Structures are given as structure tokens and as C-alpha cells.
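In the two complexes below, chain A is the common chain; its partner is chain B in one and chain C in the other.
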Partner chain A sequence: MNKQPLFPERGPAFWLTGLAAAISAGTIGLLFVSLVVESVPVFKSEGVSFLWGTDWFAGEVYGALPMIYGSLMVTGLAVVMVLPFALGSAILTSEFLSGRVRLVVKAAMELLAGVPGILYGLMGIALLAVWVRDLFGLIDGNTLFTAGLLLAVMILPTVMTLAEDALRAVPGETRDTALSLGLTRMETVMQVVVPQALPGLAGAVFLGLGRAMGETIAVMLVIGGIDRIPQPWFDLFASGQNIPSKIGREAAEALGFDLQWSALIALGLVLFVMVMTLTTAGHFLLRKAR
Partner chain B sequence: MNPRLWKERATILILYGLTGCGCLVLAVILTTVIMKGAPALSGEFLFEESRNFGSEGGIFYQMIGTLILMAGAAIVCLPVALGSVLFQTEFLHSPPLKKMFRFLIYSLNAVPTIIFGLIGYLFFGVLLDAGVSWVTGVLILAVMILPTLHVSIHEAVESIPDHYREAGLALGLSPGQQMRAVILPQSMYGMVTGTLLGLARAAGETAAIMFTATAFSGVQLPQSWTEPVTTLQTHILVLAQEATNPKALTHAWGAGLVLLTLVFILISVTLWIRSGMEMEAER
Partner chain C sequence: MPLTYPVKAVVIISLVLLAGAVFVTLRPGGGTQVFAEETTVIRVAGSTTVLPIVSRAAERFQARHALVKIIVNAGGSGVGIHGVGTRRFDIGLASREITLKEKHRYASSHLQITVIGRDAVACVVSSEVFHGGVRALSKQQIRDIYLGNITNWRQVGGPDRPIIVIDKEVHRGTRHVFMQYLFGKSNARAPGARLVTGSNNEEQAKIAQSDSAIGMLSIAWINDEVVGIGIRDGERVIQPTLDNVRTGRFPIARNLNLITAGEPQGAVKQFIDYLLSEDGQKRVAESGYIPIQLPHTVSWVAGSHSK
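Let's turn to the complex of A and B:
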């Protein structure tokens, strides 16, 4: 077979689309490069203690541990809370509901996945924080728990639709075989379909986690905004801080070039690495499932 | 009675319970926004500018600001997304390069939106010298919605049947003519749905623009390139933090309802177009 040349013809169409491709690839590349380059100054001045330090006073010392802790805690909390509901409704929708109902549910979930984060934030600050405060007898309802709960609600539609897709990807013959062997429908689902869809289900959860970890505005309004690790560390009903919220709160005052700006970008880099790990794992698992 | 049957029924019941809880929460969210937002809506609210730090007047310029930012972002993004998809599908024949391009787009989709604000301000605000302005916001949002448009258009182009292309090639069309006569008309719906979803994403975004493109009060239409706008998203953000002032809070819910309606319309139209396409494919 003839080896095709890399670019067969170079008319105006080639250059025009090539320019667009160069712009998009260049922008993305530049974004990643500057994320790394701009965070160099703070790593130079703080060293690795940027990652382990527990104190953050703008202009003096930058330690990101409370924010990293907050991000992990809130995201972990969200996934624990969303898991039973998302998987339960995904299994029900994919295996037990009729085709028409299924389409309606999917459409509703896609709509809900598009609800702007600021609306969750408004709900969080005006309602959820107050409920949490009264229900648990706290002085301040803006806690890590509140943020985790809000995120769980936010990612429910995303995780549910992706998990449902993963279950649908298991071929129908598998189900027929299991049923013909005398398994009940539920046994078929639990012992045959779910194990086969497991990578896809895990992928759905990872992608949801990535979204939860990067969400800024809703969390910012209900997390409390205090840069410390609660005492004891597992006290979820204390105010905390996560990375996006920290960036969101300080970016307006730090706009510019000094060390604080670099520290915020370095926080962004840490966040990006964590989110990227989750989503890459998610995409990998989803692809494996197909 | 058969214990297996009981187990079966119990599990299905649990599934219905879990699903019901999930649906209930989401239904509560929607009704809350509607119930709390509806009392604020009126002609005055929609068509007057906000006064007294948002607790009086309306949200006219906030709506305009949101529309400017999302429309601007889509206008900037669409040609770039379309061009890079076409380059990727029509001219790029090396699998590793294609793979790398896909990876870049996917990783851009994973970037938390607040990072677009940080880095975007650095480039558009500082280097382009646009400062905190609507131009900075448009450009940042354009980068942010690039993956949404790109993926949607790419899927549409990829799903064009091979014999359409072959027919074009058999007629001796050059790649440019092929694009104009075959690929663009056949993938039009991908462009439309991608743009609508991108618009919805841009309209719902707050974090990336709150410190790069917007101001809270005293802003009307931007008169120059370097002026900030005010948007529904950031308006809600500021009002929400005044949770003690019931009037401001009512206005926040009202603005929220308007924003939600806008986003839902955009997504619904997308879903409607898509389901139409699917039915056509099944015929």
C-alpha cells in the first residue's frame, strides 16, 4: 500500500483550518506551560513546605496543606454521599424502566447537570447552611459537611447518567444468558451486569469526582473560608477551605505579579494535577469498559 | 414463599427508594428556585437597572452582560473549533498526532474553571492590557467552551457516512470543495448543538469571570474595550452574600430564575435537535 503523505494538499482550506488548529493547540499548550512557569516563584521561595505548610498569611508565608486537606475531604464526602443514590437510580433506569421513561429520565438529568453552580451556591448559603446549623446545633452552618453535601447534590446527575451509560454498554446477550440460566432479574443485574460494567461505573464516579473537586462557586459560599485543618482532623462540622474557594477569595486582591499571585497559581497547579489524575483515570476506565 | 423472590422485591424496592430520594432532592431544588424567584419577577425587574446595591430596581444590565459574554465567547470560539476539527479530520492523517490533539482537548475539558480565570487574566488582562473587562471575559469563556464545541462538531463530522465522502472524491472535489459541499452541510447539527451547549456553559459560569470581567454596581453597557460588565451570575454571587437582607435575597432568587430559564432553554433545544437526529438515524 502506498504511504500517504502527511498533508496531501495545501490549498487555502488547509492553511485556514491549520491556523485554527494551531490556535487551539497553542492556547491549550500555553495554558499548561504558564500554569507551571507562573508557580515557580512560590516554589522557589517556599520550597516543598508550600505543600506541607499549614499557615497561609499573604505576604509572609504560603502553606497549602489546609486547602489540599479541604479539597480531599469535601470531595471524599461528596462521593460517599452520592454513590448509593447515583448507582441505585442508574441501575433502576437502565435495567428496570421502559425505553420511553428512560429517555425522559436521561433528558431530565442532562438538564439538571446544566444548572449553574451559582444557583447551588445561593441555595447553599440561603437554605442548606441554615438547615445544617439548626439540625446539628452549630454556631456556624458553613462547614466542610455542608460543602460536601452540596457537591453531592451537584454531581448526582453527572454520575448517574455516566453510570447508566456504562450499564447500557453491557451487551443484551449477557443478560439473556443469565436469565435463561434461571437467575432472577435482580440476580442478573447484581451478579452479571454490574460486575461487567464495573470499570465503567468506576469511571463515572471518577469523572464526577473530578467535577466536584474543581467546582468553585458553590463551595466558596458554604465552606466557611478558614484556612486551617480542624481539630481533630476528622471534625467535618468545622469551617474549612478548599483550593478553588481559596483562589476565588484571594484572586481579586492579588491580581498582578507578586508572590501571592504566584502562590495562587501554584494552588491552581496542585488542583489541576489532582483533577487531571481523577479524570484521566475516569476516561481510561470508561474506555476500558467499551 | 420463595426467599429469592422476596430478596428480589426488596432490592427493587430499595432501588426505587434511592431513585425517589434523588429525584426528590432535585425536584426540591427546581421548585425552590421557581417559588423563591417568581415573586421577584415583574416588568420593572426585567427592564430596569439595579439600584441601591441590587436591593431595588431590576436586572436589565445584568442580563445584557451575561448575553454579551456568552454570545461573544461563542462567536470567538466557533470558527476556531470548527477549523481545528476540520484540520484534524480532513488533513491530519497521522494517528499519534490525532491522538495527541484529542488528549489536549480532553485535558482542557478537565481544567477547573477557576484556573481559566487565573491564567486567562494573565494573558488577556495583563499581556493584552485589557484589564478587568468584558473582552477578557469573552476570551476566557471562549477558551473554556472550546472542548464543548470541539467534541460536538467532531462527533458530527465523524458520523458522516463514508460513501458521502467517497461520492465527493469520485467527483474530483478538492479538500476545500469537499468541506463546503459535503462536510459542512452534513455536520451542521453538530455545530448548532455544540454552540448551544457552549452558550449554556458560558452562561452558567461564574468562577472564571468574577474577578476578570465583571463589576458589581454602577455599570451599564460597556463603552470601550476595557470596561467591565455586570452579569447575572456575579450579581447573584454578591447578593447571596448579603443573606441577612431579605430584599437583596429576593432579587438574587429572581436573577437566579432568569438565569436558570436561559440555561434550560439552551439545553432543551439541544436535546430536542439531538433526539430528532437520532430518530432520523433509526429510520
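Let's turn to the complex of A and C:
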């Protein structure tokens, strides 16, 4: 048998698709490199205190910790809040609903997943912030908690529909075998189907996490916009700031200029690294789960 | 797997279209060239205080000048000045003066100010606070609220509720003017703040939504739910009214500025001239601001708000 060449066929299709792939990969690479290059000035000027500093005042001092804290907090909150509902409804849809109803639910969820963030933002500022304030007896509803809740609502359709796909991907024979061995329906789902679908379920959650972490406009409208870590730090009913919202609020003013621009780019870099770390960790866990 | 004929056709057609699109976009001057001789586009952006005037004026101006297209965007005074400084906009809107720092930063753009109206920044509160008894505050009281020394409305004669102090993004014109008045420093800090907002709309909405908020807002944006309170000076209370601004009694007044890079020219000049005309000045009044009596251009003198 001949050794297979690395690229077996080099027709026009190869070059065209190769070009497309190279452009895609190159874009990400270029993005990362330019993020690093443009954020050098702020690291030079602020040093590591850029990452640990708790004070950010354009033109004076740039400390990113409140934004990093806010991003982690609202994303974490969103995942905690979305998990039971997304997994529950995914299991119901995949395992207990009849074919037709299932298709309707799926279609509705996929439609919802495509709703632009600004619409959630508007609902958030008009209704959610007020509800949170009244429900918890707060003096104001623009809080980290509100942002986390809004993000949970936003990523619910994405996580649910992806989780459902993962559950459906478990072969029918597995269920039949489990049932024929005398397991109840519930045992089959919880002890056979879900464990098998675990990598896919984790993938669904991580994709949702990615969307939540990068979501800008909806969060911007309800988080309060103040660059401060609450006292005490676990006070979720205080206002805060996350990275995308901070960049969204200051970018137009600083575009391409000065230390402030560099600081915003560095914030972007931090966000990029955070999302990448999560995704990589996700893949690592997935491989282990298999 | 070999592609079937119709699929192949679709792939080829899309590739040709894509290549065509890339070619048209990359060609120097491509795309816009068709319109270049006919339509002039004026790009305007910045202060959300000045924006209503310019939107109204742009509508009328475009009705008369079919070949001019005016694109108006928000963003805040800092964005307007920055945008003109970097030549991304033709006209920047600013509800404050150009700071010394901005002046140096964009020195090569020779920023030029044209004043088109007058306005004032009022200290505003949620209507519930106003009806709860807070009709006026002294400068020192407002200062203490923004510093976090006064945290309950009870301390200034209002209802027993914590104060929601609303600050604005640092580059905003309204904040510059308000902080200059309170602390004598346009970029003073406000450690007592709980929320930070951006545009006038956003600030207005958040104050209206709350029953215990305080904020800073252009007087044209005051309404039933967001009430402008008086400034107490000894025994005197000065209300934020257009009259008091006109006569110079109300202490937090400001110019509404258009910023251009150098002397305005061509269609930009025509549009600015229109804004300064009688009809244009009517749009200023219509937006709730004070028209200026004598149109005049002031070139930047390190703004009084830039210490």
C-alpha cells in the first residue's frame, strides 16, 4: 500500500477551501496578536496592578479587577441558575415527549436562541430590574444578580437545545437494553442516558457560558455600570461591572488613542484568555469523561 | 463523493458572486464612487444633549438639500470630540468645552467650536423624593451626597430611604459641567455613587424607575417623574428654569457646541449656518434649550472646565 500523501488531491476545490480555512484561522491568530500588541502600553505603565488593581478612572489609573470579578460572578450565577432548568427541560423533551411535541419545543427553543441580546436587555431594564428590586426588597434593581438572571434566561434556549441534542445522540438500543434489564424509566435516564451524554451536556453548558461571558448590551443595561467590587465581595445584590459592558461604555471615546484604549484592549485580552481557558478546560474534561 | 449538477452550479454561482463582491469592495473608491458626485454625507455624533437639536435640524435641512445626507449618532461629548479629532466625524456634538488634554491630543485637527445654544444642568431627583419634601438642596448637600457622606434622604428633609446616587460615564459633558460646579474639577470622583449611566435617556429612565434616586440632567430632559430641584444658596433658592439660565442666575449653565476640525467648509458649513439661522435657532428652542442671540464662532480657548 502506498503511503497516503498529506493532501491527497490538489484540485481547485482544495485551494479554495484551503484559502477559506487559512483566512479563518489567520483571523483568530491576528486577533490574538493584535490584542497582545495593543495592550502592551498599559501593562508597561500599570504592570501587574492592571490585573489586581481595584480602581479604574480613565486618564488616571487602570485596575481591571472589578470587571474581571463582575464577569466571573455574573457568568457563574447564570450557569448555576440555568443548569436545573436547561437540563430538566432537555431531559423531558428528549426522553418523555412524543415526536411531534418534541419538534415543536425544539423549534421554539432554536428560535428563542436567536433573539438578539438587545431585546433581552430592554426586557431586563423595563421588567426584570424592577421585579428583582421589589421581590428582594432592594433599594435598586440594577445589580450583579439581575445581570446573572438575565444571562441565565438568555442562554437557556441555547443550553437546552444543545443538551437535548446530546441526549438524543445516545443510541436507542442503550435505552432498550437498560429497560429490558428491569430499570425504571427514571433510572434509565439518570443512570444510563445522562452519563453517556455527559460530554455533550458539558459542551452545551460551555457554549452557553461562552455566550454569557461575551454578552454586552443586555448586561450593560442592568448591571449598574459601576467599576467596584461589592462590600462584602459576595453581595450579589450590589451594582457592578463586567468586561464587555466596560468596553462597550468606554470604547467609542477612546478609539485608537492613549493608555485608555490600550487598557480596554487589555480587558478584551483578559476576556479572550478567560473564554479560551474555559473552553480548553471544557474539552479536557470532556476527554476525561469519555 | 462527486457533487451533483445543481449543487455544483449553486457552488460556482456563489463563488463568482463572492469574488465579485470582494472585487467591488476592494477596488479603490469602489461602492461609494457612484454617488460621489451627487451626494455629500455629513457624519455627526456625540452629546445626547445636543443631539435632539441636530436631528430636528437635519430633517429640515435634508428636505431642502436633496443631495446632502446627514447621519446623526449618539455617544456622548467625549465621543464627539474624539471622533472629530480623529477625523471620523465631520461634526462633533459637545455639551461641554474641550478639555486642555483633548486640545493637546488633537492639536493637529485644529478643533473649532461653534456655539448653537445654551443649556443648564439641573440636579434631578425621583418624583417620589420631590413629593416627599426635598424641593431644594445646597451645593454642600449635593457634594456630600456624591461623596457618600449623606446616604439617606431623611438627612436632607426627605423620606426615610437610602439615596441611590447616579453618576455618569466620565467623558460625558453633563458630568464635566456638574462636577466642575460641585467640586471645581470636571473629572472629580464620586465615591458615593451606586449606578453609572451613559446617555440622557438612560439616566432619565433609571431615575424615573427608582423612587429614591438623584442625578444630573440637562434641563430640557426634566419631566414629571424626573424633577429638577432648586439650588439653595443661603436663604435663596434658584430653580432650574430657562428664565434663570437666560438671566445667568442659575449657576450650572453651559454652551451647546458643535466641534469641527478647522473652519467648517462646504456642506458642513451650510448645515452649521442653517443651525445658526432663525429657522435653525427655532429647532434649538423646540428642543427645550435657549437659542443664542448673536451667532458667533469662538475658537478654542482652553475651556474653563478643564483645570
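The definition used in the following text is that the second predicted complex is superposed on the first by the 249 of 290 C-alpha atoms of A that agree within 3 Å, B and C clash if a C-alpha of one lies under 4 Å from a C-alpha of the other, contacts with A are read in each partner's own complex, and residues count from 1 in each chain.
Rule of thumb we're sticking to: a contact is a pair of C-beta atoms (placed from the backbone, for glycine too) under 8 Å apart; a residue touches a chain by one contact, two chains touch by 3 or more.
Computed from a prediction, not measured in an experiment: that's the story for all the values here.
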First (chain B), second (chain C), both or neither touched by A:Gly224: second
Contacts of A:Asp258 with chain B and chain C, given as first, second, both or neither: second
First, second, both or neither for A:Pro199, with chain B first and chain C second: neither
Touched partner set for A:Ile139, first chain B, second chain C, both or neither: second
Partner chain in contact with A:Ala86 - chain B first, chain C second, else both or neither: first
Touched partner set for A:Leu16, first chain B, second chain C, both or neither: both
Which superposed partner A:Ile125 touches (first chain B, second chain C, both, neither): both
When both partners are placed on the shared chain, which of chain B and chain C touches more of chain A: B
Partner chain in contact with A:Gly76 - chain B first, chain C second, else both or neither: neither
Which superposed partner A:Gly59 touches (first chain B, second chain C, both, neither): second
Contacts on chain A seen with chain B and repeated with chain C across the two complexes: 16, 125, 221, 252, 255-257
Chain A residues touching chain B - in the complex, by the definition given at the top: 4, 6-9, 11-14, 16-21, 23-25, 27-32, 34-35, 38, 84-86, 88-89, 91-93, 96, 103, 107-108, 110-112, 114-123, 125-127, 153, 156-157, 160, 184-187, 190, 210, 213-217, 220-221, 244, 247-248, 251-252, 255-257, 264-265, 268, 271-272, 275-276, 279-280, 283
Contact set on chain A toward chain C in their complex: 16, 57-59, 125, 129-130, 139-142, 221, 224-227, 239, 249-250, 252-258
Touching residues on chain C, where the partner in the complex is chain A: 15, 75-76, 78-79, 82-83, 86, 88, 101, 105, 161-162, 164, 167, 169-171, 187, 189, 193-198, 202, 205-206, 209-210, 212-213
Residues of chain B touching chain A in the complex: 4-5, 7-8, 11-12, 14-19, 21-23, 25-26, 29, 32-33, 79-84, 86-88, 90-94, 101, 104-119, 121-123, 125-126, 132, 143, 146, 150, 174-176, 179, 200-201, 203-207, 210-211, 233, 236-237, 240-241, 243, 249, 252-253, 256, 259-260, 263-264, 266-268, 271, 275
